[in-house]
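Paired with chain B in one complex and with chain C in the other, chain A is shared by the two complexes that follow.
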Partner chain A sequence: MYDMSLLKPLKLIRIARRAGVVTVRYPYQPPLITDEFRGRIVIDAKKCIGCGACVNVCPSNALTLIDDGDKRILNYFIGRCIYCGRCADVCPVNAITISKEFELATDKIENLNSRVVHQKSTCCSCGEERVATEKMISYVVSRVPVSEAYAHMGSNCRKRRFVEGLMLGRGMLHVETEK
Partner chain B sequence: MSKQRNELLEALKALKKSVWVFHLNTGSCNACDIEILDVLTPYFDVERFGIKLVASPRHADLVLLTGPITRKTLPKVVNTLRAVPRPRLVLAIGACAVGGGIWYDSYSVIGGVEALKKVLEENGVEIDKLVYVPGCPARPEAIIYGVAVLLGLVKPKVKAEVIEAK
Partner chain C sequence: MVDVEPRLEDVEKIRKELEVKLGNIARRIEYVSGAGLIVEVPKDSIRDTVKVVHDELDAYLRVIAGVDERPIKGVFSSYYVFGLDNIGLNIIITTYMDSENPSISTIADIAPSADWYELEMYDLLGIRVENRQLYRFVLPEDWPEGLYPLRKDVAHNIRPPPTPAEKGVITGPRIPVGPYHPALHEPEYFELYVEGERVVDVRYNGFHVHRGIEKLGESRFTYQQVPFLAERICGICGFVHSVCYTQAVENAAKIEVPERAEFIRSIILEVERLHSHLLWVGVACHLLGYDAGFMHAWRIREKTMVLAELLTGSRKTYGINLIGGVRKDINRDKIDTVLKTIKWVEDEFRKLVEVITSVPQVVKRASGTGILPRHEARRYSVVGPVARASGLNRDVRKDYPYAAYKYVSFKVPVYTEGDNLARLLVRVDEIFESINIIRQLLDQLPSGSIMAEDIEIPEGKIGVSSVEAPRGEDIHLVITGKGRPYRWRVRAPTYQNIPALKVMLKDAPLADAPLTIASIDPCFSCTDRVIVVDVSTRKRKIISLRKLVKLEGNGCMI
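Up next is the complex of A and B:
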C-alpha cells in the first residue's frame, strides 16, 4: 500500500490553481469603484447661494450653517458625513456634486472641514438687520416677481412699513412734511 | 506606476516591524467591522504588508476603533487602550468613530474619538498617534490607506478648504 498522505500537497496545488490569485493589488492598482458609489461631496462655491436646504436634510448634521456677523459660513465636516447624497438631491442650484473620492484618512481633524464663506446683505431700509446672502437674494429676485428693494428689506422693516401704511390710510399717522 | 511602487518600497523600508492590530468595537452597527474583516481576508490580504489581527490588546500596536463609543463601553475602551503597550496607535474608522456619526448628539454615546481624548486625558492614558478614517462605512481600501497614513508611507490628500463664494 502507498501512503496517500504524501500526495496531499499535490492535490492542494491543483485546487489552488483552479481558484487562481484573488488578491487585489490595491495600492498599485485602481480600486473597484462602481457608478453607484458615493464618496465625499464637493460644494461648488461659485454656484452655492447659501440657502441652507442641504443643512436641513443632512441626517448627521455634517453640513452646518454658521452665522458670524456679516458672514454666513457653510461648513462641511467630512468626518461625520454618511454619504447619503440627500444634499445633492435637494440643492436648488446643483452646487453639490457627489465625487468618487474616498481616500480621506488624515491625522488632523481640522483637515476634514471645508468651508464656503458667503457675504450677507444688509437691510436696505435700516441698514442694520442682516437678511440673507447676496447670492440668495439675487436668485430669489430672478425667480419671483418681487422688487429688489423689497427682497433686500429685513422682516422687521417690512412689518414696520406695513403698519405705517395702514396707519397712514386711517389717518392715525401724520407725515411731517418740511415747510 | 513603477516609480510610485519604488517610492512605496522605499517607505516600507523605514518600517522596522510589522503592525499588529486589535479590533475594538465600541457600539458600532457592524458595517465598519465587516469592512475590517474584508481587509483581513485573502481578497485584500493585508498580511502582505505585515498587518496581522491579534486577540489581545497587550500584543497589539494599533487599535482599530469603530463605533461612536457608547457610555456602556466607555470604561472598557479606556481599559483596553491602557493595556496597549507604547507606542500606542489608534485608527478611528468610520463616521461614528471620527465625529459621532448620526448619533453625535445622542444621550447614550459620548460622540466619537474627540470626546474620548478628554476622558483618556483625565485617566492618564496617552495616545501617541491617532488617524481618522472617515466613511460610512469606510471602504477596505480606505482602511488600508489609513494605515499607510498612520505609518507615514503616504501623505494625507485631504486638506482644510475655505472658499469665498462670489
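Up next is the complex of A and C:
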C-alpha cells in the first residue's frame, strides 16, 4: 500500500504549468503599469504663475522657490520627489500634470532638476521694491476687483500710501499744491 | 470622528470602579472622547495606579509616551495608555514630572512590555526611570550624554560631533541617527546565546535605522504633510501608519470623515494586508527551504500589487490619505477589476495552500517550534497574528472598530498551539477573511464625497487611534499643536512582539531560530546577521542568516 498523501506536493507541477511564464522581458517589453500610475510631474512654464502653492504642500521639499534679484525660480528636483501629486491638486492654474514617466535614472545630477524662471515686477511707486511675478499679478487682477496699478505696488508703498491717506483726511498732512 | 466610541454605560462603570479604587490618589478621572478615560495621578502613585489598571482591571499596555510639555505647562509629562479589549476603551494614565530633573519609578516589573518604552523615554527625553537598569537603547553609543533629541529646545537638524564610545563591549554596528538606507534588508541584530545547539538566551540590539520621524513630524512638517511621512515608517504596511495618524488627529479635532472615505480606507487597508501576508507566506517558505512555494506565493502577490496601483496610483506608499478623507475615488470599472482580481487570488491561493501544507518539510519544521504559551503572550501584551496564534482573541478591527469595519462581519482566526505553524495558519486564514471583507465593503460602498470640508484643528487636544496592521496593532497618540502635531507618538506592532521572542527562542534548537524570528513577521527583513555565542567556550562567531538557513536546510533533508 502507498501513502497517497506523499504525492500531494506534486500538485505544484500542475499549478506551475497552468501559470506559465509570468515575467515580462523588461526593458525590451513595455513595463506593466496601470492607467492610474503616478510618475514624475511636468510643469507647464507657460501656465505657471509662480505663486508657490505647490511649494507649500510639497511634503519632501522637491519643489522650492528661489528668489534671485528680479527673478523668481521654481525648482523641481526629482531626487527628492515622492510622486504624491499633491502639487497638481493645489495648482490654481493647472500648470502641473502627473506623467507616467518613472525611468529617471541618470548619471548627471542636472538632469534631475527642472526650473521655471519668472520675471518679478518692481513697485510702480518707488521703483525699487520687488513685488510678485508679472504673471501672478495679472492672474490676481483678472480675478479680483483691484486696479493694475495697486497690484503693482509693493507692500511698503501700500502701507505708506494708506497712512498718508489717513493723515490727509485728518488734516495732519498738507499737500503742497502748485499754484 | 472615525473611531467608534465605547458604550457610555461601560465607560461610566469603569469610571466608578476607578473612583472607588483610586479615589484618594487620582487628581482627575475624566472621559475624553476620541482618546479615552484620562486618569491623572501624582507621579509617586504611578505604580499603585498601574497595579490597579493592569492587574485588577486586566487592561494591557498599549503604549507609553513621554512628552516635553515645558513650553506649555512647565513640566514633563508621561502618558501610559492601557486598553480594555472587551469594551474597546483606552485608559490613559497621565502624570507630571519636575522640569529640572524629571524622574519616575519603573512599572516594568508589573507590565513587562513597559521595558522598552521606559528605556526610550530616558534616551530621547531624559526622563530618569528609577529602580531599574538604564542603558543606551535607541540612540547610537557615540551620541553625546545629556542631549535629548525629543526635547522641544533641541532643534530637529542638529548634528552633534560624535563622542568616542566606551570600548570593551561588543555590540552591533554603530550607526549615527539619520537617514540611512540599508539596501534590501533592515538591520536588526540578535545575539543568541547557545549551549551546543540549544539557545539559552537572546539579546536584541536594534534601532540602527532610527530616523527621528517623530521629531520631524513635530518640528518640520505640517498636519497635511505628515501622512506622507507616516506612510514611510514601514515599507510593507505604510498605509496603516498614515491611516492611524490621520485618525488620531481626526479623533483629537473631532473631524467628521465622509463614509465613502472610511470605506475606501478600509478597502486599501485590506489590499495591503493581502500583499503583506502573501509576502510573508513566501518568505516563510523560503526560510524553510521550499523555494517553489516562495515563487508561487509571490506570483499571486504581484496581482495584489497591481491592484493597489490601480486603486491608489502607486504600488506602495499609496499617498492617498489626508486628514479629513482620501484623495482618490473608486469608480464602477475599478470595482469590477477588484472583484475579478480577488477572485483569482482566492482561487490560486487556495490551491497553493493545499500544496504548501502538504509538504512534509514545511509542516514538520513549523509545528511545535517557537512556542509562545498563552500566559506569556498575555504577559508581554503581544499583538496581531502572534497573539491570535497563542489563543488570545485580539483584533483591533473588532475590539476598537475604526474606519468601515463596523459595517462588515468577519471571523478572527484564533489558534491555541502558539507555534510557528499556528502563526502561519492564522495568516493564511486572514488572507481569505480579507478577501471576504473587501467583497462586503465594495458591495456596500456608499455614495458621497471623499473629503471633509472645513478642517479645523484646535490646539492642545489629545487623540489616540489604533489600526490592525498585518503584523498586529499599530497605535498613534497625537497631541495637537500649532500647524503641526505637538507630540506624535508612534508604536508599530513589532515593537510589542520582539520582546516575546525571548520566550519563543529559549531552549529551542538553534536551527529553528531563523524561522521563529521570522514568524513574528518583524516588519520583515533582516534579522540578517546573527551572532552565535557558545556559552561554554565564550567564543563568538557571526553567521549570516542565509548560511544558517543552509545549515538547517541540509539537516532537514536527511
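Assume the second predicted complex is superposed on the first by the 159 of 179 C-alpha atoms of A that agree within 3 Å, B and C clash if a C-alpha of one lies under 4 Å from a C-alpha of the other, contacts with A are read in each partner's own complex, and residues count from 1 in each chain.
Following the convention adopted for this analysis, a contact is a pair of C-beta atoms (placed from the backbone, for glycine too) under 8 Å apart; a residue touches a chain by one contact, two chains touch by 3 or more.
Quantities reported herein were computed from a predicted structural model and do not represent experimental measurements.
Novice: Scan A:Asn111 for contacts with chain B and chain C and give back first, second, both or neither.
Specialist: After superposing on A, A:Asn111 lies in contact with chain B but is clear of chain C.
Novice: Determine, under the contact definition given at the top, whether A:Thr97 touches first (chain B), second (chain C), both, or neither.
Specialist: So A:Thr97 meets neither chain B nor chain C here.
Novice: Return first, second, both or neither, reflecting whether A:Val22 touches chain B, chain C, both chains, or no partner chain.
Specialist: A:Val22 sits against chain B and chain C alike.
Novice: Looking at A:Ile82, would you say it contacts chain B, chain C, both, or neither? Reply first, second, both or neither.
Specialist: In the superposition, A:Ile82 touches chain B and chain C alike.
Novice: Of the two partners chain B and chain C, which one touches more residues belonging to chain A?
Specialist: In the superposed model, B touches more residues of chain A.
Novice: For A:Ser60, decide between first (touching chain B), second (touching chain C), both and neither.
Specialist: both
Novice: Quick one: classify A:Glu36 as touching chain B (first), chain C (second), both or neither.
Specialist: A:Glu36 sits against chain C, while chain B stays out of touch.
Novice: If you stack the two complexes on chain A, which partner ends up touching A:Ser155: first (chain B), second (chain C), both, or neither?
Specialist: Once the two structures are laid over each other on A, A:Ser155 reaches no partner at all.
Novice: Per the contact definition in the header, classify A:Pro9: touching chain B only (first), chain C only (second), both, or neither.
Specialist: After superposition on chain A, A:Pro9 lies in contact with chain C alone.
Novice: Touching chain B and also chain C: which chain A residues?
Specialist: 22, 59-60, 82-83
Novice: Applying the document's contact rule, which stretches of chain C touch chain A when the two form their complex?
Specialist: 221, 224-225, 228-229, 292-293, 296, 299, 302, 306, 309-314, 317, 319, 327-328, 348, 351-352, 354-355, 358-360
Novice: Write out the stretch or stretches of chain A touching chain B in their complex.
Specialist: Listed in rising order, the residues of chain A that touch chain B are 22-24, 26-28, 31, 40, 43, 45-46, 48, 50, 59-62, 77-83, 102-119, 133, 135.
Novice: Considering only the defined contacts, which chain A positions touch chain C in the complex?
Specialist: 5-6, 8-9, 11-12, 15-16, 19, 22, 32-38, 57, 59-60, 82-86, 89
Novice: Could you please specify the touching residues of chain B with respect to chain A in the complex?
Specialist: Listed in rising order, the residues are 1, 4-5, 8, 42-45, 48, 95, 98-102, 104-105, 112, 114, 129-136, 138-139, 141-142, 144-146, 148-150, 156-166.
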